[in-house]
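Dropping the structures in below, format is structure tokens.
Consider the two complexes below, in which chain A is the common component and chain B and chain C are the respective partners.
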Partner chain A sequence: MTKRTILSRRHFLKLSGTVGTTALVAACAPGGAPGTTQGGGGETGEMSQSATRSIPELLGADMPGSPDHPNGWTTVLPDLHEGLPPAPGQEPIEISVTRRVDSQTAFGEGDSLENNPWSRMIEKLFGIKLTVAWSWSSGDEQTTKYNLAMASGDMPDYLETVPSSIFLKMIEANLLEDITDAFTMYASQRWQDIWAEYGDLPWIYSSVNGRKYGLPFVSQLAQNDHILWYRKDWFDKLGLSAPQTLDELRDTALAVVEADIGKGAPGTTVGLLANSSYGANWFGSIDPIWAPYGVMPHQWSDLGGELVFDSIRDEMKEPLELLSQWYQDGVFRKDFFTFSTSDSIQDVASSQCGIHYTPSWGAWLDTVRNDPETVWAFTDNPAGPNGARGRSSASSFYPSPFCFRKGMEHVEEIFQITNFMQELSEEHERRFHGWEGFDYEFQEDGSVATTNFFWKFAAIGPVGTRGSGNIDPANRANEVRYQLEWADIPAEERDAYQTLSLEDPTGVTITGKEALLFILDTAEQGKINAFQSLPTPTMIERNSDLNKLQDETILGIIIGDKPMSAFDEFVGQWKSQGGDQITQEVNEWWATRS
Partner chain B sequence: MIREKSVASRLFDMGNYLFLFLFGLACLFPMIHVVAVSLSNRAASMGGFVTLWPLGATFQNYLEILEAGPVYKAFLVSVTRTVLGTSINMGMTVLAAYPLSKSSEELKGRSVFMWIVLIAMLFNGGLIPWWMVIRNLGLLNSLWALVLPGALPIWNVILLMNFFREIPRELEEAAIIDGASYWGTLYYVYLPLSVPALATLTLFAAVFHWNAWFDGMVLIMDNSKYPIMTFLRTVVVDMNLQILTVNMDDIYNLSDRSIRAANIVVATVPILIVYPFLQRYFIHGIRLGAVKG
Partner chain C sequence: MAVVQAEVAPADEAAVKRGKIRNYLSRSWPLYVMMVLPVIQLALFHYYPMYGVVIAFQDFNPGLGFGGSPWVGLKHFEFIFANPDFKSVLSNSFIIAVSKIVTLQFMAVSLALLLNEMRSLIFKRTVQTVIYLPHFLSWIVLGGILLDLLSTSGMINRAIEFVGLDQILFLGSNAWFRPIIVITNLWKEAGWATIIFLAALTGIDPVLHEAAAIDGANRWQRIRHVNIPGILSMVILIACLNLGNVLQAGFEQVLTLYNPTVYETGDIIDTYVYRAGLISARYSMGAAVGLFQSAMGFVLIVVAYRLASRYAGYRIF
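== the complex of A and B ==
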């Protein structure tokens, strides 16, 4: 599914040469004072032969990359659209946008969300100034502000990640621009090709009656797919090997508990991490235990053309019995069902728990800091009784789209910026790692250190935003593959960024990258919820009650509070209390889709 | 009056003190815990090792949030807002309470004014009309949006009005006979006599302005102009890390309990400091306003 372009050094130089010339051709007419260039190294001399200003000259300090450092690198910008950059002195077009921010969205001296290296680059290259109409950080704040904007009729031009409920209201009130034609006209061929690979998934949440009203937020492939992480140092000490089946996992976890190797008070070692979200969640999930049995609580499966709610299927019983037995044996924390997902991180950070199902970034750094002997390793998800391995997976296309105000005049410009950013950030041989003093800093010894800031927080979506969106779901995987190839370059020839990406004192960063590639290589294990749509009317009305019923039953059975027979009762109640209605609605949706 | 105490009564007293002591301690515990977490290194607090004493004691968290800037900016916004808002509140309160404390013979149409004030206190237009009024006045995104909409705290006006009414009329009459105007009486007679009430109301107003977060959220569109409580909310609100990013550093940074705790301490300490200074008046003022005799 993923295409990779591998460039040799010669190709690369050729490419930069071409871009250099096109930059000259595309550059605007002479005039205006020459921009200040950074450092004033050899690069400028080469360019100044021509009277026109090159793109690097035009951008000055806002040109990404660090070509002037002895071990720096050059960023190769994509070609600009005809007529760009704008002539000097031309007034920039203003586009107002909404933005998500949080406490990590901090800028250096003089910079802000409206004025930073990214926004200055966009303004200079495209003549567009993006103004922030308003920003939000939490979900309810986002909903409140979108509601206020709708009620007052004061809609910004470009709306970042509109929540589904608001999106539907806006469609009803005819406040959003139809971008069906704009997408085919303005989006780059590459962009359209990438999304075409995913069929109708990209547009499921942002189209109404076959018309598109927004660009989806795209997360990374396998972002929340789990594999089994374990403490290799403990396993070595106890002579254990990585479990290959669920039975072995149980025995291994119990051996860890028995040895009480954890760092807490005696008797507090936890075998396998679990928390109150017994379905799929983002840390310490137990979904790879359900999946080998073909079910995933809360999700829908396609059984011979009909969608069925997994939580009520008979196939649930076997893993339920298994989990209940494990709980009784002491594999889980006695009070695991009182822990929220984020609270359960604590057991891992404090070295009380050494085995957990977590995404590729699960080698948790706090553990290493608290206990320097920590060695994290990952292994394939242990197989179920029939040899099947599985886990929950999610569509990369999220329900909150980026939308355009009805009658917005600059739809094309947003597409142009996105085309440009897609090429720049997803073609990794362009070597775009952000800006010096913004994303990274050079140390005195010539090495590079990343800051806590990331250019994507400053950029507008779909390529960018606080949640770090992309066009290509495989972008991160491509980047990791590209960067791991740098290991073939002799150490003394690497530039500072290559050295940085390959050095890893704690070992967790490289392990995380390998884990991501491993998860992608075993992508067939992923089980995606077959129901990919906004909640149906009965779901909106009944789901909170039905979920409560389900949580009580399933957690109750696992901890032995309820007998297995409670499951059949639950199925009956679920069906009679609206479940049947929901199943019907879900299948109506399914019928329209296929 | 000294009374011989029985053993049982002594035991009861001791039990009582012990209970109250433990209860007080229980109230103090979370605060000390937050301070301890804010002074610990991140790994220790993420591991849940910190209880009442900082581990790997460090000021790093404070330095980090102050260097990062937003908390510092938000702090300044809140200080300005509190000073400005409290001054406006108190000025308006005094100017409204004084005439309203007069009888209807002295102030023609007093009951009409009173009704207007009461209706405004009991009913309001709801969030969206309120927001649109402020927007159409062009206040959005400015500090004035935080201090002007609530410029006249009606509850405080009623408290102060009742307080003024308790001041003997004779004092005012004496002042007027001596040639004082209404302004003079207010300034030389009423205000000096109402210091406890004014101090209490000032405290109310200051605490209100310091703690308010909702208006900051909906009226300030630019997050770099947020007052501290609105900012604090962006820090402590539980992030849904699932929709963030695969950038591990980012997930790591956002789940930092020590930094959150440091932010909470920075946001709470100023108002904690104000309390002891005004508490003397506070108790006095509440009592005076409460009993009408």
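== the complex of A and C ==
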């Protein structure tokens, strides 16, 4: 499976290379001559002229893009399915959905989750009204509400990101629609082709006995792959250079602590960011310290055809000793283990920490807002003793799928909408950037600025969902390549669409985009969990206890509360308390794959 | 009236009974009407949901419901008791809960006695308000404050360093975790717990105090020989009733303050159920632990009631 992923990454590079070139060609016309913006839009729009003719009339004021503005552009909408748009006056079909919301789910005056530019477009083009059965904001609430929906028998038609444990219970209770055939029948060819690239990865978490019961939640390639970010302004002040090896990283971090250069109270500068999830997590992770040694806590590795749980391998000892030494030296915050991943962000946002392993988006925008002197830079992950560099990498297909209620009558419609949205948002030459007045606004001086609203939160399904928003895992990378080409166009010659795509008063976003490309170029460093499947029966039963054992042992050793010998004890206990059985189950699964 | 009826028709005893009941009802029906709502409430929200304990004996699936989920007998109980972790979790809960009960009781009684001695009413009221206040803060809020105070860069460690001692890793130390839980619980709840003892103290007959004063007893002697015996039955009663809580170590408090390095001394039944049962969606296992906890609580309450009725003369039935 590892092979397959690497293969698809290579393919992705090839693919995005071609897209990058077309992007350049497409970008030249409007970029070179601002006056011809609309002509440029028309050129790319030829292939879907039949749709563009009627749709703008139909959508009226809700048409995305701003063709009427002197600095505006035309969004080219994809073709509609036969028989669409519906005849005027026809009653819309109602489909009830569940939605995740958070502090960033915001709408303009008078708009809401159920009524916003996107939902109005869907209603006009597809004759479908999406009603929100209920929404949730936190993980616990999500679980509780899905449970209630199951228990009361009142299941909404389309369920956003059902957690794995609930998904299995829903299957057991026969509450979900089998979409195996629907996918081949209704999903667009391009959609099916993209997922075919990834073999069975997209379906691992949503199929049971070979039948598909949901669409996977897709994240971006390298969404949570880490590189080392550092405060260039601090490093310059202290005369430090970017660390290239783990030893250098330790010395650099200690130098920063020593200088106490952070913005907090005296003596609170943090050397290297870390938190209680010592394995891979999404912010302030230390996985690039484990990976050079060939292990990644919580992950499974393929050792000569056998899957082995990394957390119990002997190779854990060396990095464990290293981390324990670093902790003692003062590289980490003394009580880092009481911090959760999201607490870690505060250390960075409050300028107390200047070195951290985070994803490409990890140069936290807040730091620049809080402290305008901040300059972030990234460097390749420092190498281990044998020169190896590494980090944890995740599959882009996540375990919580989008599901259809058993007997749901409008499966096809959901696929139609998703096909449409996929074309619209993942073919960047269509130049879709939401709606004027909603996602962006023209200023009085003729320039354009984004608002704090984002069209994606208004959408449903695998495309356009908060935190996901795509079918193609390479979408973001393609988009970045496409947009970075425009950075060469002088600012005053960009049209409004290009300006919006590049808008970045702080410079952080562009650095982040470059970081993403850098991570993709070094994709071979990624260490992917070899076990990609729903939890085995023994895992469901024993994992919370085994994780507790592992967490207290590993953190205990790092902070010096437990001796190194505690690790061997832990390995013995792990094996006898169900670990051996889990290993057996995991290898049975592995055997069915090869 | 009943007597008259009996004389008229001595054979018709049933009629007499009916008359008695009618008589009784005509007098006390308002009381029964008043009881209707509480009984409905009790039945609906306390007795009806008890039906849910059946899931402890099933592999519960909300989609299949109580009726459809497969029965598995004592599987979940066997799993719990075979689990080496559960013993430590059980003993942690017991130790933390008992320490909390004992210290809280002691502190509340002492505070009440001291408050009772205060002459200035304004000062007394102010102190009372101040010490009641933490009771109204949630553990989630307090937890954030405490984590900050106890962190290595927090105020307490700053003070320790100022005196010239080494930092203490309060939150990562198995030696410190339980004391922290007990002390913070005292700080939060001690004031509130004085209320009942203060009430008991006002119930002591002032004549006793006057007599003691005339006999030459000083304040300390009056506390020892008048106040303490005066509230002793209340102290015993509260202590007995608290027995029912010896496995309730305080879920929110521990959840906000613990971390993996103190699982050994800090992981309690409720946090265990939270992690193993709710987060992993193993509701049946969670219900089994809950049922076990309730059964223990039930036994202890019966014992406590017996003790309370024997030593404090406290009776409901």
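Note that in this section the second predicted complex is superposed on the first by the 534 of 594 C-alpha atoms of A that agree within 3 Å, B and C clash if a C-alpha of one lies under 4 Å from a C-alpha of the other, contacts with A are read in each partner's own complex, and residues count from 1 in each chain.
We take it that a contact is a pair of C-beta atoms (placed from the backbone, for glycine too) under 8 Å apart; a residue touches a chain by one contact, two chains touch by 3 or more.
All values reported here derive from a predicted model rather than from experimental measurement.
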Combined model on chain A where chain B meets chain C, clash or fit: clash
When the two structures are overlaid on chain A, which partner does A:337 contact: first (chain B), second (chain C), both, or neither? second
For A:561, decide between first (touching chain B), second (touching chain C), both and neither. second
Per-residue contact with chain A, leading partner among chain C and chain B: B
Between chain B (first) and chain C (second), which does A:151 come into contact with in this model arrangement: first, second, both, or neither? both
Which superposed partner A:113 touches (first chain B, second chain C, both, neither): first
First (chain B), second (chain C), both or neither touched by A:483: neither
Regarding the shared-chain residue A:180, is it in contact with chain B (first), chain C (second), both, or neither? neither
Which partner chains sit in contact with A:244 here, chain B, chain C, both or neither? Use first/second/both/neither. neither
Overlapping segment of chain B (options 97-105, 133-141, 205-213 or 241-249) - the one that collides with chain C in the superposed model: 97-105
Following superposition on chain A, which residues of chain A contact chain B and also contact chain C? 147-148, 151
Chain A residues touching chain B in their complex are 101-107, 112-113, 132-139, 141, 144-145, 147-148, 151-152, 154, 217, 219-220, 223-224, 281-283, 342, 345-346, 349-351, 359-361, 365-367, 369-370, 398, 450, 452, 454, 456, 466-468, 476, 508-509, 512, 516
In the complex, chain B residues that touch chain A: 41-44, 46-49, 68-70, 127-128, 131-132, 135, 217-218, 221-224, 231, 233-235, 237-255, 259, 263
Chain C contact footprint on chain A (complex, rising order): 140, 143, 147-148, 150-151, 163, 165-166, 169-170, 172-175, 264-265, 267-268, 276, 333-335, 337-338, 540-541, 543-545, 548, 551-552, 555-556, 559, 561, 577
Chain C contacts chain A in the complex at 61-65, 68, 79, 83-85, 147, 151-153, 167, 169, 171-174, 259-261, 263-264, 267, 275-276, 278-282
